[in-house]
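Have a look at this one.
In order of appearance the chains are A, B, C, D, E and F, and numbering begins at 1 in each one.
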Amino acid sequence: MFYHDKKLQYPVKVSTPDPVFARMLQQAIGGVEGEIRVCMQYMFQAWGARGPTTKYRDMLLHTATEEIGHIEMLATAVAMNLETAPTKVQEAGAADGIVGTVMGGGSARGAIEGMLHRHILSTGMAAFPANAEGVPFDMSHIYASGNLAADMYCNVAAEATGRVLAVRLFNATDDTGMKDMLHFMIARDTMHQQQWLAVVEELGGAQGALPIPNSFPQSEEHQKFNYNFFATAADGSAPQAGRWTQGPSIDGKGTFSVFQNVPMGEEPVLGPARPDSGAQSEQIA
Amino acid sequence: MFYHDKKLQYPVKVSTPDPVFARMLQQAIGGVEGEIRVCMQYMFQAWGARGPTTKYRDMLLHTATEEIGHIEMLATAVAMNLETAPTKVQEAGAADGIVGTVMGGGSARGAIEGMLHRHILSTGMAAFPANAEGVPFDMSHIYASGNLAADMYCNVAAEATGRVLAVRLFNATDDTGMKDMLHFMIARDTMHQQQWLAVVEELGGAQGALPIPNSFPQSEEHQKFNYNFFATAADGSAPQAGRWTQGPSIDGKGTFSVFQNVPMGEEPVLGPARPDSGAQSEQIA
Amino acid sequence: MFYHDKKLQYPVKVSTPDPVFARMLQQAIGGVEGEIRVCMQYMFQAWGARGPTTKYRDMLLHTATEEIGHIEMLATAVAMNLETAPTKVQEAGAADGIVGTVMGGGSARGAIEGMLHRHILSTGMAAFPANAEGVPFDMSHIYASGNLAADMYCNVAAEATGRVLAVRLFNATDDTGMKDMLHFMIARDTMHQQQWLAVVEELGGAQGALPIPNSFPQSEEHQKFNYNFFATAADGSAPQAGRWTQGPSIDGKGTFSVFQNVPMGEEPVLGPARPDSGAQSEQIA
Amino acid sequence: MFYHDKKLQYPVKVSTPDPVFARMLQQAIGGVEGEIRVCMQYMFQAWGARGPTTKYRDMLLHTATEEIGHIEMLATAVAMNLETAPTKVQEAGAADGIVGTVMGGGSARGAIEGMLHRHILSTGMAAFPANAEGVPFDMSHIYASGNLAADMYCNVAAEATGRVLAVRLFNATDDTGMKDMLHFMIARDTMHQQQWLAVVEELGGAQGALPIPNSFPQSEEHQKFNYNFFATAADGSAPQAGRWTQGPSIDGKGTFSVFQNVPMGEEPVLGPARPDSGAQSEQIA
Amino acid sequence: MFYHDKKLQYPVKVSTPDPVFARMLQQAIGGVEGEIRVCMQYMFQAWGARGPTTKYRDMLLHTATEEIGHIEMLATAVAMNLETAPTKVQEAGAADGIVGTVMGGGSARGAIEGMLHRHILSTGMAAFPANAEGVPFDMSHIYASGNLAADMYCNVAAEATGRVLAVRLFNATDDTGMKDMLHFMIARDTMHQQQWLAVVEELGGAQGALPIPNSFPQSEEHQKFNYNFFATAADGSAPQAGRWTQGPSIDGKGTFSVFQNVPMGEEPVLGPARPDSGAQSEQIA
Amino acid sequence: MFYHDKKLQYPVKVSTPDPVFARMLQQAIGGVEGEIRVCMQYMFQAWGARGPTTKYRDMLLHTATEEIGHIEMLATAVAMNLETAPTKVQEAGAADGIVGTVMGGGSARGAIEGMLHRHILSTGMAAFPANAEGVPFDMSHIYASGNLAADMYCNVAAEATGRVLAVRLFNATDDTGMKDMLHFMIARDTMHQQQWLAVVEELGGAQGALPIPNSFPQSEEHQKFNYNFFATAADGSAPQAGRWTQGPSIDGKGTFSVFQNVPMGEEPVLGPARPDSGAQSEQIA
């Protein structure tokens, strides 16, 4: 179960509110690279963790809980960036006259043109769980496979794209407060990339953990095709050489090679449609 | 651009059609762990590949193209597993009397109860781009970040969950033809896990590629917090020790430690709502 | 604006309620082949109709309004088919003992296994705007392009798949009441297929209306490639001959031929990533 | 920010695991009536709370935090109900032979037919953030309007449908452990219904808070039509009388009456399409 | 069944077309606070209405039918606001030269930057069933629970957020015609808020109708926890006092109190993964 | 199975990059009128093709394969149009100073306001499978019904809306390279409209193929209502005459007439709710 503190994990300050930057920050809340995703992903991985130890459930809950606080920081930053946003389509701005001089190089009409309209129409100048285009977050992005190693790579992927996003946001603004908040978040993403790879290392690294799932005997997979790069150039030209076309495989269990793809199966013939299946008569034998 | 061969990449045969297994196979077509996802993910990564070399675009196109053929195999397998499926809610089965004796231990009524109804109603006994619950595939799952290393970890994640899925499908059936098809696909997933990790190795491995993006100077992130595990237990109890709580970090650039989480920010006060913002009067100062 | 009559357009009766057939009927309510789709599609086409006459707005409103009544009939049929559905996972059925003897060849446990659980959990034994797998209808399927001829073909497509669905539902049940309701709906789908094609005929038929949009001068399209079938077989084998590989085109403005596909462009080189774009260093020149 | 305790808020025990009940419980996790929804809804309402006081942010955070623990309980219950689920489509069940005798009246084949396949294929017998049909939760259901009174009614709606769902789940099972967990959750839903209505009362009740938003002067709305019931029967027959057709309005500011609907506007004529708009020539004047 | 009149329910006029306001109006068509939602919600509640009387079906059909006319008005208003919208990304505007002088303070390039591109690309300057960010309406927002009181609160929530939206749209424009249309719609939202609360009053008000569902005996819920506010502050600090922390409950059946949250359950231990479940070997006992 | 060539099907060149046109092009990639849709639609129709001949599978595979190359061209065009896009919300533009002089009449701030932010934040200046508003493509738009004639009309609909879109894109830009690419694509859409209609002709044209499915005997549909236009005007006024109100039907099997709609059914009475169904007590008899 869970507890809260009404103070924020790290300071959130905005010097010059910009509703277009508020839109950008939404990507870090409700984007696929964002914080709702990692928070819920770690939660569901924890809640479904199976194995002889509770160690991984424990670890995952710590980090999942940390991430709720990150969503909170970003939601607060969005609300602050919307403080002086326009509420009218006309240039004059809001009825209270607080708009017009503060935006980063833009006009009130420009801000209306560039901001998310749902920040005006649906939330009254606050964050919502959607991305920078206003597309709501969809929980199908919560990856929790029941395989610990697979989940760790899903987490590395999430934190890698997450740090790329945080860096892009950092680069997109000159606001001192926002840069300070983001430089904290970028640091946390560094740690989280490390953390999930540390679990893979503890699970045996590339040699012990791969191929995932390692509980399936490789003797049952098609061993002629499990370490070769399939080339599909129509003219048969070879792929450019790389670490993946020759030499020992990463798991040390095979040798990379190149295989020019050819069909090994036949043209499939499904046969006629059934009389009661709603097909055209011509499809029914 | 692209070409095709009307023959299949690898043989697809079904000994005993089972419409419930057809439903399961849909997960490998339109599930987030499935083949449409990897196919389109590698395509979009290739098409957006930036850098001083075309090497990665080249590699990605080979594998993306291979994957189209995997979708085709699975779609064919679904159609074959639906050959004798019932088309009526009543026990008697289809009008053509071909239902009733072939299912793996079930009855026609049971098959209707367990199969996807859209296989009857929407496709006329064929595959469609949805998962095992009938939820259509959503292209938001195509991860192509513009950062090569991040993309490679997204691909490892996709192939790790993909091989887990293929193994579960292999375990779920006794059908010889289906097991043969799947043992080929499991092998390809093994290779693809290796392949993306080989790119990471070529890009410098953990030390050279991390933290992702490596183009952002770590001097600009909050260096007090980039290698410590944040503990969030309300009673302050320490997390269970692991590779991630102590010792050198995976990238060799820091040392893991534990930090008991405390708020560093303040309680945020957003202030009153604006007069024209549609709030209740009580929220307006 | 709109009016209603509390009576139904056509009688809806159910002799033997079957919750699995209720699930099937959902496809005709909230499926992409269903009635919400055509209703809303015709409404939005009417509301956006531009041209020198109000004739098409008028026609579309008549049929859109008819379709609301079809949704109503189906929703009523779903509720009636759920009358005796089980509400417990255990065999015993509902607390009121009304379950157990009425289903078409199945058991209460079987019905629970095959019905939509949201019929129990979310609606209390009534219809909802989702398809036979419980996936909610998504309004992106409302096609209203602003081009009258394009819209008519969208409508033919909707009514063609709609009548296929209605026929499959008709075939799936032996219930007299349900068959009577469906035989009415199948007739209406026949008319609606005719109706939209009649508009195309009035607009000039294949010769006058095609290619759509006919307001774009064909002199501005690439006239070398507008009537030839592109063949993409990797081995250059010719496609099987058909009406589309030779002879005059359907619009009478060209002649069909076959073109063996070859690349006319070059390999694209996007060049290096920008320094502030969150790419890996290796991608930045 | 947030903290956790690795113990559960309330005991979760399952006497007889049933994978079909696991499917039902998913509705309380990822359904629109479920716990992710209320958790995130209260969080975003708290994070965007504007007004002269932090009182409502404070209250909302307490309850939002409580709700995370409810998701955790349900996710645990799902995993427990899946303990003995089948993993094969054939009757024999799982390779470890733990399936077959425990389900509530069903068979292994029946369980496969009735359970969510993603519980086998995607999660390895654990919960995921989707509903009872396997449809992922979509964050567009997080209502946080920036108007405190509107939000409170959204919350009452969520807890009303939530308690209806919890009661239906309670009725659907005979498992003692599950009934105990649910009878706790039903109690919490009772409180939460009360709680949000108590806020409305504190904000002035029906007379002070309505119409929402109360910051918009009623003098600017069309006062002829703000307290009358529009009747739309095509034959002009009167609606059945109710509290809403006569007598004082609920807010005490008007008197209910009945108005037979008639068009007050004209037939709209949009005029011809523009030459460059991709319409058919016939639509362009 | 249903009928139509080709005239509009209320006049729709636009003095100065603005494609950015057209975008805003889309929220009232296809947003979660919009008119498709209430129309379809009342329809499905009517079609699934169970009880000893047809009174509520009757009432719901009147209002659902009224709402179709509201969608029609808004769709017409969108098309009118798009009359002079640009169709080119360059400043010059449309080929017919009708763009450039009419927008509310903006330029043609600015309008392109701020309007929905699908108004140009997909609809040819007409409305579509999506919100102000172009996200299609998703029918999962149609709440029809089978519990009359729960549904009424869902309806109050819809009309409360709906009137908040209408007020924000009213504030966002200076166009006389648009303000007239919206002041009619705001009035109707006032009535509809009243109407649904009137049903609750007829059903017994807070005392008779709560807790919802009132058909579940409160003796079966956990009576120790059904009227107390759970406080989750990690430091045990008390919540700010409110109507919900003390005094009689709103339904008069209990007394509010505060309970400092503590875990009553244990740490859950799910045990090892099964051998055939695709987990890592380390997770299998 | 499939092969590729790393060269493009047709040249893609951009003279003046414009990030707002990049946004527009996304509609042709991930919009419902776009290329992913037709590619995948033809693929799934091919893979599920049933009938006595493989001719239609063969044809569909050729064209589906062609379409992959169209997605590739458009994705390349998007990346090229983003070459000089801004990466900062402030006017100054990107850190590398490459922004500011090239856009078609706009400013850097304007471009930020009008472009898709995910082009900066999620892809690093590349295409992604979403439409012009950033809404991801959803595979529910892949129509493959199992009825060949219905599928052909779905394909005509897709290519008709597709050519309308391509024409609008052509009209929206003055860029020579983009116009050249689009004039090729418009030509291909012309052919594809022809191609699918040629199949219908081969299947018997309007007389042989209609009503779809033609395998259902018209003697079983309600023959009184299969060729008449239902008029729903509340005042009984006749619809405007058209090809669809009189004369022989398009399939030559009936005669069009007009029928003034009246209810043929009764008011449905669902009866009381069941005791264990979570309804209010008042709904239970």
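Definition applied: a contact is a pair of C-beta atoms (placed from the backbone, for glycine too) under 8 Å apart; a residue touches a chain by one contact, two chains touch by 3 or more.
All values derive from a computational prediction rather than experimental measurement.
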| item | value |
| --- | --- |
| Centroid-based (C-alpha) most distant chain relative to chain C | A |
| Furthest chain, CA centroid comparison against chain B | E |
| Chain pair with more C-beta contacts, B-E versus A-D | A-D |
| Between chain B and its twin chain C, rotation from the CA superposition, multiple of 5 degrees | 120 |
| Over-half contact-pair match to E-F, picked out of the listed pairs D-F, C-E or B-D | B-D |
| Numbering shared by both copies at the chain E-chain C contact, with half separating same from different | same |
| Centre-to-centre distance between chain F and chain C (centres being mean Cα positions), rounded to whole Å | 12 |
| Distance from chain F to chain B - Cα centre to Cα centre, in angstrom | 26 |
| Per-residue overlap in chain C, given as positions that touch at least 2 other chains | 1-9, 32-33, 48, 50, 54, 58, 61-62, 65-66, 69, 76, 79, 87, 95, 110, 113-114, 122, 124-126, 130, 133-136, 138, 140, 145-147, 149, 164-165, 167-168, 171, 212-213, 215-216, 232-234, 261, 263, 267, 270, 273, 275-279 |
| Contacting residues of chain C [partner chain A, same complex] | 164-165, 167-168, 171, 234, 276-278 |
| Sites on chain B touched by chain A in the complex | 3, 5-12, 32-33, 54-55, 58-59, 61-63, 65-66, 69, 73, 76, 79-80, 87, 94-96, 98, 124-126, 135, 138, 140-141, 143, 145-147, 149-150, 153-154, 156-157, 160-161, 163-164, 167, 170, 183-184, 186-191, 193-195, 197-199, 201-202, 206, 210-213, 215-216, 218, 220-234, 239-240, 242-244, 249-251, 254, 256, 261, 263-268, 270-271, 273-279 |
| Chain A to chain F touching residues, read off their complex | 18, 20-21, 23-24, 27, 31-33, 104-106, 110-111, 113-114, 131-135, 164-165, 168-169, 171-174, 232-235, 261, 263, 267, 269-273, 275, 277-285 |
| Chain D - residues contacting chain B, complex | 1-6, 48-52, 54, 87-92, 95, 109-110, 112-114, 116-118, 120-122, 124, 130, 133-136, 145-149, 203-204, 209, 212-216 |
| Chain D to chain A touching residues, read off their complex | 1-9, 30, 36, 40, 43-44, 47-48, 50, 54, 57-58, 61-62, 64-66, 68-69, 71-72, 75-76, 79, 122-130, 136-140, 142, 144-147 |
